[in-house]
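Each of the next two complexes has chain A plus one other chain: chain B in the first, chain C in the second.
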Partner chain A sequence: MDAQLFLGVFTNENDVLNATRASKKAGYPIYDVYSPYAVHGLESAMGLKPSRLTYVCLLFGLAGLLLGVFVQFWIGSIDWPLNVGGKPFNSLPAYLPVIFEVTVLISGLGVVFSMLFRTKLFPGKKAWLPDIRVTNDHFVIALIQRDASFNTRAVQQLWQKYNLLEAKSLSEVVL
Partner chain B sequence: MINSIPKFQISTKINRILLFLSAVGLLTIIVGLFVAPERIWPNFLISFYYLTGLGLGAGLFVALQYVSNAGWSAAIRRVPEAITATLPFAAVGTLFLIFGIHSLYEWSHHEVVMQDSILRNKTVWLNEPFFIARTIGYFVLWIILSKVIVRNSLKQDESGDIKFTKRNVRNSVFFIILGVYTFCLASFDWLMSLQPHWYSTIFGWLNLSGMFLSALAMIVILVVGLRYMGYKHVFTTEHVHDLGRLLMAFSFFWVYMWISQHMLIWYSNIPEETTYYIFRHFGSWGSLSFLNVILNWLIPFTMLLSRATKRSDKVILQAAVILLIGHWLDLYIMVMPAALGTEPVFGIWEIGPFVGMLAGAFWVVFHTLGKHNIVPVKDPYLVESLPELSH
Partner chain C sequence: MSTLYSKLRKPIIEGDKSLSQVTDDVAKTLETKPTKLWWFAFLLALTALVAGVVAVTYQIKMGIGTWGLNKTVGWAFDITNFVFWVGIGHAGTLISAILFLFRQRWRTSINRSAEAMTVFAVICAGLFPIIHMGRPWLFFWIAPYPNFRGPLWVNFRSPLLWDFFAISTYFTISLVFWYIGLIPDLATLRDRAKTKIKKAVYRVTSFGWNGSVRTWNRYETVYVLLAALATPLVLSVHSIVSMDFATSVIPGWHTTIFPPYFVAGAIFSGFAMVLTLMIIARKVLNYQEYITLDHIEKMCKVILATGGIVGLAYATEMFMAWYSVNEYERFVFINRALGPFAWAYWIMVSCNVIIPQLLWFKKLRRSIVFVFMMSIVINIGMWFERFVIIVTSIHRDFLPSSWAMYKPSIIEIATLLGSFGLFFSAFLLFARFVPFIAIGEVKGVLGYGRTNKSAPQIGHTPEPKLEAVEE
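And then the complex of A and B:
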């Protein structure tokens, strides 16, 4: 999808937070907000939905748990039963540490790779930045400018209240 | 704005209920001492060990916040600080246990020790004068250190001087190191020596995790309770969420320790170690041990797994109440088989002391809370904990 972005550059954390809230309230579609560090309350200001990665994590955790149980049961009781200290071949207490570790490992790796997959991050990917200064001390709000009905002047007026540094349009961005 | 928060005042109804329940508990203990001493002494031990854990656990929680320079907890810190006020009461109760030493501890009988070579070798540590001295020593240490930390925190309310925070960071380091070591030793002394032949090196850690978990549950109950009483703007959903995470994490930590002790003893299968579990993990005690894991881990863990339930006052309150009951059951399983050696018993002698102790603890905490500002108003970290109110 090709669309134009309308960017507002800010220099203060509170300003960008309030400007985001105001833009959301006025109904402008927010593409993203760029910040050099994590700003508290920004997700709720942008109206982001809670992440679904937690459910992915739960599923991977359950998969790891089953894997941990199955692997040990299959090795210890079916494929290569060994007598360890006279214990029964299928003894749950002995499985527990490995089950715990495998659950943590699979859910941890699974959720990280799911996140990388979903956000299309991979080694060597070129980062797209609206403004190089967001890596230092500036903040940028990017609104989606779909058609001519988008009133850039009104948006600028709205942002002026929050000490807008500059505003600009970016065209032909591949989203 | 932060100065306009009203001080906490306990309602006369709650005050009366708590006083009535603690009086009933005290009465049960006194009557029980004459009617059924063999039942009341173990329950006395459970109740006051529990109370000690609440006070010390809350103190360690405060110390942990100072040591880690935690910002999130500044607004709720007065609650655990108030819980440490139960420590002197726990000390009085535990010292009263000296009169029950002969009905509880096998190693305190001279003629038994003389016929038992294992116990004879342990007399260096397990003898009455040293036991009493240690008990006094633990409490002196815990009470002094927690009082110093709380006093510095209260002084800061007036002057707002940063030096109190710095001092408390240093005090907290001592408190955590000494408190954890001495609590492990105290659990060896008071609980593990009930079966003086048996030993487990992880017993102290298991008790430490249970103790901290019960203190956290108490903090959660008080914070959520205060939210219901009209402090929603100071104790926010964010604080409840953070407490919920801790509660879930320490519930898991407890079961981790529980499994660690159980699994190693099961694995090595040495007779002098397995006696403990052979008694507790079969028959009706076995069902109770099963229930113990369900109450202390499975139910709270599943309840608090999702973000929405950690932020819900109702759910987190239920989980905390389940954990408080679960911790009592945990101690019951540790103490009762050793002290009575029979099938599980449950009646007035079990309920009375425990309910009385909890009601008394809540009464003390509520009254301590009412004496000072409900929020450390000049704490340097309050800005982080309450960003909206502090501006």
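And then the complex of A and C:
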């Protein structure tokens, strides 16, 4: 879908936070907000839901746990039972450290790769920046401007209250 | 101007930095040519590394008979170095993960370098068991993979195998955690890069990061998850290292307090190393406004706390040796304090327990020179702790006829020197090529301790007020 983005540039965390809340309240569809660091509260101001990656992490953790359990039991009791000091072949307590390490390793790597996959980040990707200063010291709110009913002047007036630095339209964006 | 600052909190970063100033300050190190001092330090570290490489090559060619080990003392220098380096690494994870979970926001200006320190320390640590295997080219045999030797599997009941899993997991997770933290900063550098090469390198390494809040939201979630995973991980790693000793039946090793004792000691020694590195770095790289006296004082407090635990562990060991009425246990501890290695024991006690008590004085905690010397003293003390634990427990074993002394060979000393060379050359390269301070995280704490809770503004723009949230 082709759509225009209407961008507002801010220079301060509180301004962008308030402006985002005001835009959301006024009912403008927010495409995204860009910030040089993680501004706490921006995600709720935008109305984003908490990420589901925690569940992904849990699933990977469970997979790691099962892998750790099964590999050790299979090796220790089925494939090559080894008598170590007369202890039982399926001694869970001795297996716990490796089970724990495998769980941590797989859940950690799993959630990181899931995050990279979900956010479409990969080595060498060309970054799409609404403004080159957004990784340094500027904040950008990007609203979706679908048709002529989008009143850019009203938006600008709304943003002016929050020390808007500049506003601009971006047309050649494919959403 | 006084209205700018909160009455309750002091800003973490000094000098009223604006957002772009932070970027400039951190990027400056990477964009200027290295100083003579850096070259001097780097060449020194490289020389030590070369000495280590020569020594390791020699001992691999000749076998570990080139070490000072004998029939009684089967573990000594090599394992001491291993435990020492693993311990150093723990402070980095403590700063990056545990302090993060505890919302200690002062960690932001030291976490990047402390994590780098962790990664390099774990590399140094990992080398020692590999060298100790004698045939390091068969190192991969420790991994359980289907093979044509049976398939013959590893022994999952062995703490040495747990160690392999713990150290390699720790290294992987630390590296990933560190790199994930780096991505936004690499994007910042990408967008200010001037040369073609830099642009290309940062483009590849920054993964196309654009500061989108949708991405930040997921990124922060993953960051918390990694911190929550790394916290028990770091505790497990040194616990498992301690089980290498504790699960044996050697008096002096066979104790249940080893895991917490080792973890506290690891954090203690790691913070000492962080202080050594930070005190030099803040001066040489001009980061005094980022790594402030408050940071140093807080780290001293951590040292004081963990040092107290270590002191308590020493006392507990002594007490239990007496209280258990086990004559072998008693002998080992009397031998430690009064036997032929008493000098090492008393170096350990004075460096780790007695001298650090001076840190109770605020004036000394805030004296850079004193803290720097203290950090070196603790580093030495903690190296000796591992030496004492390992060597004094085994050099006089159950059979007096096989009692022996241990003296390191020149090869072993050169290997230790080489590990320091590796550590410092890696750290110096890190300081030149990677943002030393987490730009993105420091920007987030600029508003801390200021009345409007936001970063100082540049020039003419008015300081905005915090608006009440309307839900």
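Going forward, the second predicted complex is superposed on the first by the 175 of 175 C-alpha atoms of A that agree within 3 Å, B and C clash if a C-alpha of one lies under 4 Å from a C-alpha of the other, contacts with A are read in each partner's own complex, and residues count from 1 in each chain.
Quick note on the criterion: a residue touches a chain if its C-beta (ideal position, glycine included) is under 8 Å from a C-beta of that chain, and two chains touch if they have at least 3 such contacts.
A quick note: this is a predicted structure, and the numbers were derived from the prediction, not measured.
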In this superposed model, does chain C or chain B come into contact with more residues of chain A?
C
Based on the superposed arrangement, let me know which partner A:T119 touches: chain B (first), chain C (second), both, or neither?
second
Please indicate which partner A:I132 is in contact with in the superposed arrangement: first for chain B, second for chain C, both, or neither.
second
Once the structures are superposed on A, label A:Y37 by its partner contacts, choosing first (chain B), second (chain C), both or neither.
second
On the A-aligned overlay, A:R21 touches which partner chain: chain B = first, chain C = second, or both, or neither?
second
Touching partner for A:E166 - first (chain B), second (chain C), both, neither
neither
Can you list the residues of chain A that meet both chain B and chain C?
40, 50, 54, 87, 94, 97
Any idea which chain A residues touch chain C in the complex?
11-15, 18, 21, 25, 32-43, 46, 48, 50-51, 53-54, 57, 71-72, 75-76, 79-80, 82, 84, 87, 91, 94-95, 97-98, 100-102, 104-105, 107-109, 111-112, 115-116, 118-130, 132-137, 162-163
Using the touch definition up top, name the residues of chain B that touch chain A in the complex.
259, 262-263, 266-267, 269, 305-307, 387
For chain C, which residues count as touching chain A in their complex?
18-20, 23, 144, 150-153, 155-157, 159, 161-162, 165-166, 169, 172-173, 176-177, 180, 183-184, 187-188, 190-192, 203-222, 225-226, 229-230, 232-233, 236, 240, 243, 440-441, 443-444, 447, 452-455, 457-458, 461-462, 464-467, 469-470
Mind pulling up the chain A residues that touch chain B in the complex?
40, 50, 54, 58, 85-87, 93-94, 96-97
